[in-house]
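The first chain written gets the first letter, and so on, giving A, B, C, D, E and F; residue counts start at 1 in each chain.
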Amino acid sequence: MSRPERLIDENGRRVDGRRADELRPIRMEVGVLDKSDGSAYVEFGGTKVIAAVFGPREAHPRHLALPDRAILNCRYHMTSFSVEERKPLGMTRREIELSKVIREALETVAFLEEFPRAAIDVYVEVVQADGGTRTAGLTAASLALADAGIPMADLIAGVAVGKVDGQLVLDLCDLEDKYGEADMPVAMAPRFNSIVMLQLNGRMTVEEFKRGLALAKKGIDEIYRLQREALKKKFSKISPEEV
Amino acid sequence: MSRPERLIDENGRRVDGRRADELRPIRMEVGVLDKSDGSAYVEFGGTKVIAAVFGPREAHPRHLALPDRAILNCRYHMTSFSVEERKPLGMTRREIELSKVIREALETVAFLEEFPRAAIDVYVEVVQADGGTRTAGLTAASLALADAGIPMADLIAGVAVGKVDGQLVLDLCDLEDKYGEADMPVAMAPRFNSIVMLQLNGRMTVEEFKRGLALAKKGIDEIYRLQREALKKKFSKISPEEV
Amino acid sequence: MSRPERLIDENGRRVDGRRADELRPIRMEVGVLDKSDGSAYVEFGGTKVIAAVFGPREAHPRHLALPDRAILNCRYHMTSFSVEERKPLGMTRREIELSKVIREALETVAFLEEFPRAAIDVYVEVVQADGGTRTAGLTAASLALADAGIPMADLIAGVAVGKVDGQLVLDLCDLEDKYGEADMPVAMAPRFNSIVMLQLNGRMTVEEFKRGLALAKKGIDEIYRLQREALKKKFSKISPEEV
Amino acid sequence: MALAPKKDLTAKIMRSKIYSLLLQDKRIDGRKPTDLRPIKIETGLLSKAEGSALVSMGSTKILTGIKVEVGVPFPDRPDEGTFTVNAELLPLASASFEPGPPDERGIELARVVDRSLREGRVLDLKKLCLIEGEKVYVLFIDIYVLDYDGNYFDPSLISALAALATAKLPRYDVVDGKLQKTGEYFTPEIRSLPFTVMVGVIGEKFLLDPQLEEEKVLDVSLVMGADEKGNITCVQKNSPGQVPLELMDSIVDIVIEKTGEIRRKFLQEVPVKLAESP
Amino acid sequence: MALAPKKDLTAKIMRSKIYSLLLQDKRIDGRKPTDLRPIKIETGLLSKAEGSALVSMGSTKILTGIKVEVGVPFPDRPDEGTFTVNAELLPLASASFEPGPPDERGIELARVVDRSLREGRVLDLKKLCLIEGEKVYVLFIDIYVLDYDGNYFDPSLISALAALATAKLPRYDVVDGKLQKTGEYFTPEIRSLPFTVMVGVIGEKFLLDPQLEEEKVLDVSLVMGADEKGNITCVQKNSPGQVPLELMDSIVDIVIEKTGEIRRKFLQEVPVKLAESP
Amino acid sequence: MALAPKKDLTAKIMRSKIYSLLLQDKRIDGRKPTDLRPIKIETGLLSKAEGSALVSMGSTKILTGIKVEVGVPFPDRPDEGTFTVNAELLPLASASFEPGPPDERGIELARVVDRSLREGRVLDLKKLCLIEGEKVYVLFIDIYVLDYDGNYFDPSLISALAALATAKLPRYDVVDGKLQKTGEYFTPEIRSLPFTVMVGVIGEKFLLDPQLEEEKVLDVSLVMGADEKGNITCVQKNSPGQVPLELMDSIVDIVIEKTGEIRRKFLQEVPVKLAESP
């Protein structure tokens, strides 16, 4: 994967033909796995992630249990073949950091107080990485939590905004992430108009940063709509007799 | 150790002079260690293994204990100098797999229900590896369990059969294992006429496989006889006053 | 750092100008850290160490707790840049061994029986290593224990003696340690006239060994005096109102 | 250290139910004892892997990807490429899988698949040599269990074979002793298609391809495999318990039959031309 | 595996106390909400490290050392030196830090500092190349938290920059393709001085540079950084909780102001001549 | 992290029994305080190890094996072979040993033996050089504790020395800068035979070579060693507790005497010709 001469052409089109504020084709499906309590598959262009949730279950070892709420564990992990160069087995430092920021985003909306002494496990598996894996992963994880029936104050939707050839763009792909000037993953709880994940890789002016947040918000509103649709689709599949 | 021109000569003799269905010289001794609850030393030609048993003891950490029976832990391990190329310290993937199959064989005959909430530890140490270490190790481990006074439905005896220069042979040595076409470790509980360990490394026809099992059975009957002799020898050493 | 032609010159002076029985400039300060229960900084020439103590606290996991006394944990650790060649992250075998001998020295004087079921954690961090880090570390650790208010039968003072160009010297620096014939770290509980740490790296005659212990004792008496001064200085800072 | 797994107490009731059905040649999901679950094979789903396959066998789902690098051969096989097999029982596949490095089950799975590929001589490793003694293709065959409803062995091997059979390896030219990508790709030749069937024994009866509820109550299980010539290429007793010796003949025969059934399915779904077998 | 940390129960009382003070523009230690704690910077304390700095921000103390080796460049950057950042939350700094390999907090700290240095383009890595494609300077920037009274982010970055700005790297001559030390030393050019400020949010209020008692009761916190040109060089939401979107504008503005304040302090204390920025 | 071991409560009764006997110059197994247990040395038992020895001291049994490889020398010692010592306290030796990587006890044992061999200058490492700066013999001396009835130090060193003294190293010819095995073997020259004696102190009394029941109740213990010239080659206080300074003179003297006794036994059992000492 080498750097194209230009990341945005004379018509304002990006390497994959998108406009600056355009999301990639998004696919979401809830309940894709059988043996977890909740699961979801999310695709943002070439980025493909699966998330699964187990619990609430008894927390063990016992001394980790909290008297007033559930603990939420989270692992963000990539398959070895999800990236250009084979990722070594085991957790990289990057995966450990992203597990932390994803967990901290999810804790924000899940009603953990409803399950004292319990644990909830969230697993995000990146099957293919083409930019924005942590935001796609978080988007999938929040669907999986909903699928598992964990009560939540809101869904979480996330997307990366970036700066590419001096221009702000929405939903970076891998090429833009690698050769662009900045990558800023943003996730929000739309109902609260609040940020639940925010990181920056690169540099932006203050003005770009502020516009970037607004651009992210635009994408997030659309993703949020798709999430609710995907959930509806899942639950409409369940016939009345089953309920 | 390079490949000999032929693994079986014109008289049907193998690299160490044996006939196809002949075991190597076998030595067994029960109670060779002082500080374990049971132990045994087993030699099949150049293959030398020691096994030791500790327990039943209280299982810890507690949450691993089972209400209705003892857990049986097993570690198969090789010394660094037991093989041609120095084995790195720590457990290899092969050692972890063999620990599992040996444990699953032993669980089959030990009356674990007699010791609820307890743990029994079995350690197999390969001092020198010359083919058939897992079957020799399992043979030794079952003697060590008996020596430790763990009640057992039967002893376990094991031996490898293999295919070498197109011919089935009993009790493979290292050279035959390395340059032969197949290595099939087999262990049985002779009293039940049942298989408790079975693996295959290589290829065999269906007919060879069936004949191989019969050949293994022949060797196992002899090994089983030697096991009982070794146990008798150990316990006859204890003078009546001690009992 | 290459070997100087001579480690002791014609006037009996060492590479840093000291006489054979002379300590390096020593600096001690008690209570240098805010968030630990006790701490101390000790400098022997270029050797700089910090020690901190936490506890007594509840021991966990619970099954490690002792019914009749506190357990004392100890970690001796070096920063990556404390030595000539960058020390890899993680504990080396040397650090693990020294953690053991330092802990065993401290256990000797701390009244652990006063805190049944508790744990006390001692951390020694070598910031710069210029010879005698374990004895400086132990000297600092005993000050930190005192600072934490752990009752002790005595302070512990330590220093290395060595053999350099055939001569016994006190308080080895790095160059002498590396190119000398022997390095013998010694620590004592002066009030009991007893040895609490003793190791040898190198060779000595019996007579040198005996003289070496006496030389160490001489240095230790001076270090012990400085320790008590440092403690006094710390506690004199606390105004009567605070007490 | 191998640790004996807990036996579910409620399993006893389920065992007697499954056994009673088995006496009537029935199973809890309507299958006959020797029926396999439906197999689905999808290949080429991923673009960053040189080969990939998603295989499901009932609800059990396996994703295998292959990454290719150029590396050095083993000293005793200077003219052969190499491959390694890893397997991860992902925690999202089952509450019984823990995050962390592969435990004994994951290692056993990887090694059983590895032996099947290696002893089944699936690949002509000599064709994966670039410069003898110096540069060879190194294949990483990484298996991920995504959803675990019993028997991860058989679909793992199917997915490894499907990923291999559809992999695209970059071609290299040797120019002045150095390697240069030509921009072209080739698919490794498959010389043999060994498959396995997991056999579960309850009492004196056996069933094939257990789903999870069955797997939990088996007295003992075996994984056995065979190639298109009827060679046994894999045997692994993979659980505690005793296999009555007198059952082995009929087990072997059904394994030959059922691996043939899997092979026909595989050849229908995966575009593979079997090379001449060694 | 990221594990949700316990929430101290007594924290609730402290939270309401801190929040009440904040409503009056006050804090428990007498600071204004946007006041930073006093910063002390000492450099060159250690002789075996090629660079070192001890930085305190209130009672939080950070020691950073730099070791330099000669190594090989990354294949895709053959003409650039490399650096890595590690951070250890030493157990002597806090009862909440455990001995052992860095946990998620230590890794996050290292990666946040690494990104600040890398994306802030602090070093001209091309000037750390010795022989293109073969030999480059490799810098190990190792951060140790010695005493933890809240906010280890800001002083860690300050200490990394101070250690870099005062480091002495050995010069080499290339003789017949081999490296020989000349016996001289040089200080790497610093092209940019990005700093961070940790922002804590309680309710609709925020405060800067929380000390530990404050940090424990924050609703949420952010680490944000900027360079001398007003570029945002670091953003990391580093705790659970929601940041109201409408707070972001004023947070960004105060971060620009306060990183400027840190920069002035830094330039007073540390002898650094800023090279022309890229 | 070094963890304080538990003290057996019933130990107190045993301690007073052992101490009372000691006051009468007696021990629980009939030995005098300065008696060692019987030592048995068997060498050359294993064929895949280049050297091996099984040593028992009472019921404590140690197996040491040596593997030899060709490797590169340390940069600062280009003309010397290298060796490393590892020790594993195998779990089959004692219920108090856990499976897993060596804990602090195993590491201490390895390092004490390593120092004895290294500082005792047992091997002439220059004779283990093949091509200066490039190829040297690399010896792995791996010690396994098989049965632990107290004092694993002394028999471990004996077994390491016996394995070294009877090892067979392959000879190499250097042909065109490459190594070729000649098919011949040689035994490394032994220049010195340092041995150790473990000393246990109870009250103001001491005993040598404690068996396990004694070891558990000692106030403190030391491992001390000496070579044939009366040099002290090893000192390691290896347990908690205080050694009264006034005991040291008599301890040193008995250590010189008893290591001599071990040396005579060793020279009887092991065919070793001491080379001229350095």
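Rule of thumb we're sticking to: a residue touches a chain if its C-beta (ideal position, glycine included) is under 8 Å from a C-beta of that chain, and two chains touch if they have at least 3 such contacts.
In this text the structure is predicted, and so the values were computed from the model without any measurement.
Visitor: Using the touch definition up top, find the fewest steps from chain D to chain F.
Guide: 2
Visitor: Using the stated contact rule, I'd like to know whether A-E or C-E comes out ahead in C-beta pair count.
Guide: Between the two chain pairs, A-E has more contacting C-beta pairs.
Visitor: Just to confirm, which listed pair, A-E, C-E or A-D, duplicates the contacts seen in B-D for more than half of them?
Guide: When the residue numbers line up for over half the pairs, the pair is A-E.
Visitor: Could you give the separation in Å between the centres of chain C and chain D, each centre being the mean of its C-alpha atoms?
Guide: Going by mean C-alpha positions, chain C sits 57 Å from chain D.
Visitor: Indicate the whole-number Å distance between the mean C-alpha point of chain B and the mean C-alpha point of chain F.
Guide: Those two chain centres are 32 Å apart.
Visitor: For chain D, give me the residues that contact two or more of the other chains.
Guide: 1, 99 - these are the residues of chain D that touch more than one other chain.
Visitor: Send over the residues of chain C in touch with two or more other chains.
Guide: In chain C, residues 61, 75 touch at least two other chains, as defined above.
Visitor: Where on chain B is chain F touching in the complex?
Guide: Of all residues in chain B, those touching chain F are 33-36, 39, 46, 48, 50-52, 54, 57, 75, 77, 79-84, 86, 89-90, 121, 123, 125, 127-129.
Visitor: Report the residues of chain A in contact with chain E in the complex, numbered from low to high.
Guide: That would be residues 64, 66-69, 71-76, 93-94, 96-97, 99-105, 107-108, 112, 182, 184, 188-189, 192-206, 208-210, 213, 217 of chain A.
Visitor: Show me the residue ranges of chain E that touch chain A in the complex, using the header's touch definition.
Guide: Chain E residues touching chain A: 1-4, 6-7, 9, 104-105, 107-108, 110-111, 115, 119-120, 222, 226-227, 230-246, 248-249, 252-253, 256.
Visitor: Residue numbers of chain E touching chain C in their complex, please.
Guide: 46-49, 52, 59, 61, 63, 65-67, 69, 86, 88, 90-95, 99, 101, 140, 142, 144, 146-149, 212
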